[in-house]
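Notes to accompany the following structure.
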Amino acid sequence: MSRKLTLHPDRLFPAEERTRSIARGLYQSVRDIPIVSPHGHTDPAWFATNEPFANPAELLIIPDHYLLRMLYSQGVPLEHLGVPPAQPDRREAWRCFAENYQLFRGTPSRMWLDWVFAEIFGLDVRLSAETADLYYDTIDAALRTAEFRPRALFDRFKIEVLATTESPLDTLEQHRAIRESGWKGRVITAYRPDPVIDPEYPGFADNLREFGELTGEDVSTHAGYLRAHEGRRAFFREAGATSTDHGHPTPFTADLPREQAEALYAKIFGGGFAAADAELFRGQMLTEMARMSVEDGMVMQIHPGVYRSHNPQLLDRFGRDKGADIPVATEYVRNLKPLLDRFGNDARLTVILFTPDETTYSRELAPLAGHYPALRLGPPWWFHDSPEGMRRFREQATETAGFYNTVGFIDDTRAFLSIPARHDMARRMDCGFLARMVAEHRLDEDEAYEVAHQLAYDLVKAAFKL
Amino acid sequence: MSRKLTLHPDRLFPAEERTRSIARGLYQSVRDIPIVSPHGHTDPAWFATNEPFANPAELLIIPDHYLLRMLYSQGVPLEHLGVPPAQPDRREAWRCFAENYQLFRGTPSRMWLDWVFAEIFGLDVRLSAETADLYYDTIDAALRTAEFRPRALFDRFKIEVLATTESPLDTLEQHRAIRESGWKGRVITAYRPDPVIDPEYPGFADNLREFGELTGEDVSTHAGYLRAHEGRRAFFREAGATSTDHGHPTPFTADLPREQAEALYAKIFGGGFAAADAELFRGQMLTEMARMSVEDGMVMQIHPGVYRSHNPQLLDRFGRDKGADIPVATEYVRNLKPLLDRFGNDARLTVILFTPDETTYSRELAPLAGHYPALRLGPPWWFHDSPEGMRRFREQATETAGFYNTVGFIDDTRAFLSIPARHDMARRMDCGFLARMVAEHRLDEDEAYEVAHQLAYDLVKAAFKL
Amino acid sequence: MSRKLTLHPDRLFPAEERTRSIARGLYQSVRDIPIVSPHGHTDPAWFATNEPFANPAELLIIPDHYLLRMLYSQGVPLEHLGVPPAQPDRREAWRCFAENYQLFRGTPSRMWLDWVFAEIFGLDVRLSAETADLYYDTIDAALRTAEFRPRALFDRFKIEVLATTESPLDTLEQHRAIRESGWKGRVITAYRPDPVIDPEYPGFADNLREFGELTGEDVSTHAGYLRAHEGRRAFFREAGATSTDHGHPTPFTADLPREQAEALYAKIFGGGFAAADAELFRGQMLTEMARMSVEDGMVMQIHPGVYRSHNPQLLDRFGRDKGADIPVATEYVRNLKPLLDRFGNDARLTVILFTPDETTYSRELAPLAGHYPALRLGPPWWFHDSPEGMRRFREQATETAGFYNTVGFIDDTRAFLSIPARHDMARRMDCGFLARMVAEHRLDEDEAYEVAHQLAYDLVKAAFKL
């Protein structure tokens, strides 16, 4: 017997009727607002070529590290799911996923997937071992139709703007192709310079060399290296970029005197550096990036605090981004001080802070963002991009930072089909939070309507200058 | 169109009707209990001179660092608000504040201010750019009347006792003037020796010299320095003080052998000390203060864990306490051990612990206070003196520390007019918490009534020996 | 006037009626499931001898460090409670406890005790100074009857299996006596090798010597020491053990090359080791224990992060486990890496992680357990074995780890009579959590019923191989 798959119209709202009723009203007012997705990891080639997506497994399972990690944690080998270099039968991979679908009970992945199944593919029974083939056939067939090509879905999702993320070494030719295609969808890039800033990034020395060739700068000198960034940032801005992104292990920043910065760069460039040098260089470069942002107006995002590729066996076999990234305790108050001492009072700068360490919401991030003109709080990130995570963020950040030092929702995903589901979840949770404030007479209802709209649309557009 | 300003009688209670109804009953039983304010930062000169408050901006905006920081974070220069040394038009400062009033949505400041506007000044429209002048004129006119002088408000607020906080170098002449004035209001002082204990306090060397002159002790010797404290504590007790307060960067304590303590003091007094010496001295002095408290009965408050004046540009221009103080992670278990090893089992001592780091409620503070006879937990402090902060405190501390190792509410404010609003918020939140326990059958209703009274009145009087 | 004592059938369920109604249904479906208690500290001698429990004070107060610490924190001397070596009148100890019973308001101890009083002893008035003697007499009389002997209560509690915890130096003769008695109750042991692994354990050198004698191995060599463990583990498995338990100060692990491990052991065995050596040895031995678990199938439990016997005065007078154990911040991501690098991908291994530091639920433990096949999350432990603690655990762990990387409820108690109360609390809280997910349409109701059963029974049996 297959169970029905339904998306309840009141899902994610508080159960208490007084509050739920307010939440419903608020949600109605923001449900249909276009999606602004200022940061994420979709592939611009999808929109440049508009080729059909390959098959259910390659579209929905293999690129989604949330799914891989949960299945792996319960003993499912990644080979069974078809994660490269493995190449099993795609249908078998889908069946394996379907048989284990109960693992996702209580997780946001389950809610995002059910939305995709019901809303995008019109499925009305729950995914299970029994319905695996029905699902595979339905989705596979749909993917071969025009309505399910990337651009059609982009339009159907009412995406106003979508940012991808590229390395400085990227030629941005996909973005050029999109612009030149005549298609009206707004897909922009973002500048993620980790490969040429983090001395511990795989292939760093080669990356630097390529960086020099690409920009025509002499990156063997500190000045040439910084000019290469400036040039590349300008190139990215021409492709629509309004932001940079920095995935450092910590939010450590430094502001060295020029001479020391040059000596440090010489050591980094030469390759004979220690781990502490690498950390110092990353920190120094965050401040350099802030300086450039003051000059060129690009918004900085800092995504620190994740121990990447914690599982060396998995890394060896399958590479990065397979679900073995684990958050660590993260400190912002002392780490950000050098950057803030220099630019924290400069309203031309916007630095958006993210964290995988929720303890910093009320202790560090909300007080910092509630004081420094240059700081804003990003929405709950990664593991905390979830109903409970969103609730905790609002409960812990709002009383100190208010609503206006936050920047709305950011999906930060490579799972393109789930983008509307993620924004819908965020809108529902924000409306539920606002509804509770209204029901407890901590906010007037007219104000809640205004804030709901700002959280869904205005704040993110303003913060990212879109 | 101006919106109405209303204070809903059910504000801050849980929305769920079963729980709300219980909360209402509990709150009715504590609503009118007199206010006991055992620790705060009001100015005793107000009550000594009973002069009218100057104007709306100087009374309500400029001294309130909660307001300054939020406005500053959104790009409002402090000069526009009239923060000294700036001296703009007071009405313009008020208008600037009013135009940005939406920034406080969802913050406790908003609820405290609305209470002040509605309850004290009888305003019935919401503050906004449109109503800024109405507000200014109404408040300004009220402040010129006898009913709005400090003593009249003190009586109207039903304050049973109010403690201010003074440096050991203070002559306490304002407190003497209050006592000699014949006015019946009980305003007492508290001993805050940071200026003569913290070697890194601005002007420390001069403070020490003055400390010696004031007490007639030879503070060039360790023994003389300690006697100076003892003498000054006695002087403060004569002015009603029942407590001391310590705003150290960390809760680190030490218990050095006499000889080492003397050598350390010699180094501190001589001025040739390192940062580690300063920390050691602060820690040693907490234990000395505990020893004196065992002897003279004064209650110790420790308020650690805040990085003061994080923003050097702001400090240079506007001085301390302007909203740039940021909490940091704080450790209590190892830091307090030297003090506790010596005095933790001594029921003559009461040490009240505060924290800006909520992670310590359930992990460290509740277990410590739930064991040591000398320890009590202060209420949620600073950024956590808020509805969600209070809820988290009760949820995270009660199951381990119970109610009786906490000490009721402490407003800790310099915003005199907000004192009743703050106590009212705390009473409402505590009643809401108790109501949930009753509704979930975790506490009997008769017990909840008893606890509500204790949280509002009995515990704070007992803890502070008032 | 004595107040009634009642256990409300809806206790611990959310107050909101929609949710409560779902919770009631879920709870009905799991209420009567047998108790599986895979880890705890009851005394096997109770079941071996089946002698009556001594008296109310010795049964219910003196062994319960939750009660001792709270009473002590409020100034009750442990002597008044009859804690050895003190030997007061047992009835007086009970009266002292009864007079202070209000201290437990809002704590889980209060709910567990009320359950014991009402359900086991049929008392229907609340414990207080007035009813102290009634309680004492009622309980004391009951304890002299056959129905209140250990085995009768074991059966009445519907305990399917109960694990005790023993040192490797234990002869397990009580367990043998139980098996040979013909009684059908399943009481098994667990291997807790801290006394012979932790170089800082009291009496460690003597313990090692005894360990060698008991096993016939030459524990002066590293190889002999490891063989002694292997032998003793086999002996414990014969007495039903399926798990080991490790109460280290931290979850630090190491994986030294054999030669270094041998040199370290030589230093430890010789006694001339520093604190860092002790920590390194504990860490190395966790990895050795994991290796043995891969080989013999025993499940590993790690209970780190508690500063034991924080109060030296109390330790001197009354010994360990008297309520002076205080949690500290605990780090898992880097600490566990050496063990996980070696065995984290091995599905033959199950390591169950506990924490007294709730900040790690969402930041470290759920991401780790949501990735590594060898890891599972233990339920909320010690101070967090409480309604709010359980709620926070599910809210913070589920979205990342799901339900299936958790292992159901573990009572971990020496308070035998409270075992059913503790399991009942856990079932009610889990049903309340699931009910909220259903009411918010985040989980379908049929799934919630399945998960409720798994949380109450299936997961713990599977994780502990029972």
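Order of writing sets the labels: A, B and C. Residues in every chain begin at 1.
Keep this in mind: a contact is a pair of C-beta atoms (placed from the backbone, for glycine too) under 8 Å apart; a residue touches a chain by one contact, two chains touch by 3 or more.
According to UniProt, the chain labels map to these proteins: A, B, C = Uronate isomerase.
Remember, it's a predicted structure, so these values are computed and weren't measured experimentally.
If each chain is a dot and touching chains are joined, what shape do you get: line, ring, star, complete or other?
complete
Taking only the C-alpha atoms, how many degrees of rotation bring chain A onto chain B, rounded to the nearest 5?
So the angle, rounded to a multiple of 5, is 120 degrees.
Please state whether the interface between chain A and chain C is built from the same residues or different ones, using more than half shared residue numbers as the mark of same.
Result for this pair: different.
Just curious, how far off is chain C from chain A if you go by their C-alpha centres, in Å?
40
Which residues of chain B are in contact with two or more other chains?
Within chain B, the residues that touch at least two other chains are 14, 16, 359.
Name, in rising order, each residue of chain B that touches chain A in their complex.
Touch list, chain B to chain A: 3, 8, 10-17, 69-70, 72-75, 102-108, 111, 126, 307, 310-314, 323-329, 356-359, 383-384, 386-389.
What part of chain B is in contact with chain C in the complex they form?
14, 16, 18-19, 331, 333-334, 337, 340-341, 344-345, 347, 359, 362-364, 366-373, 375, 395-396, 398-405, 436-437, 439-444, 446-447, 450-451
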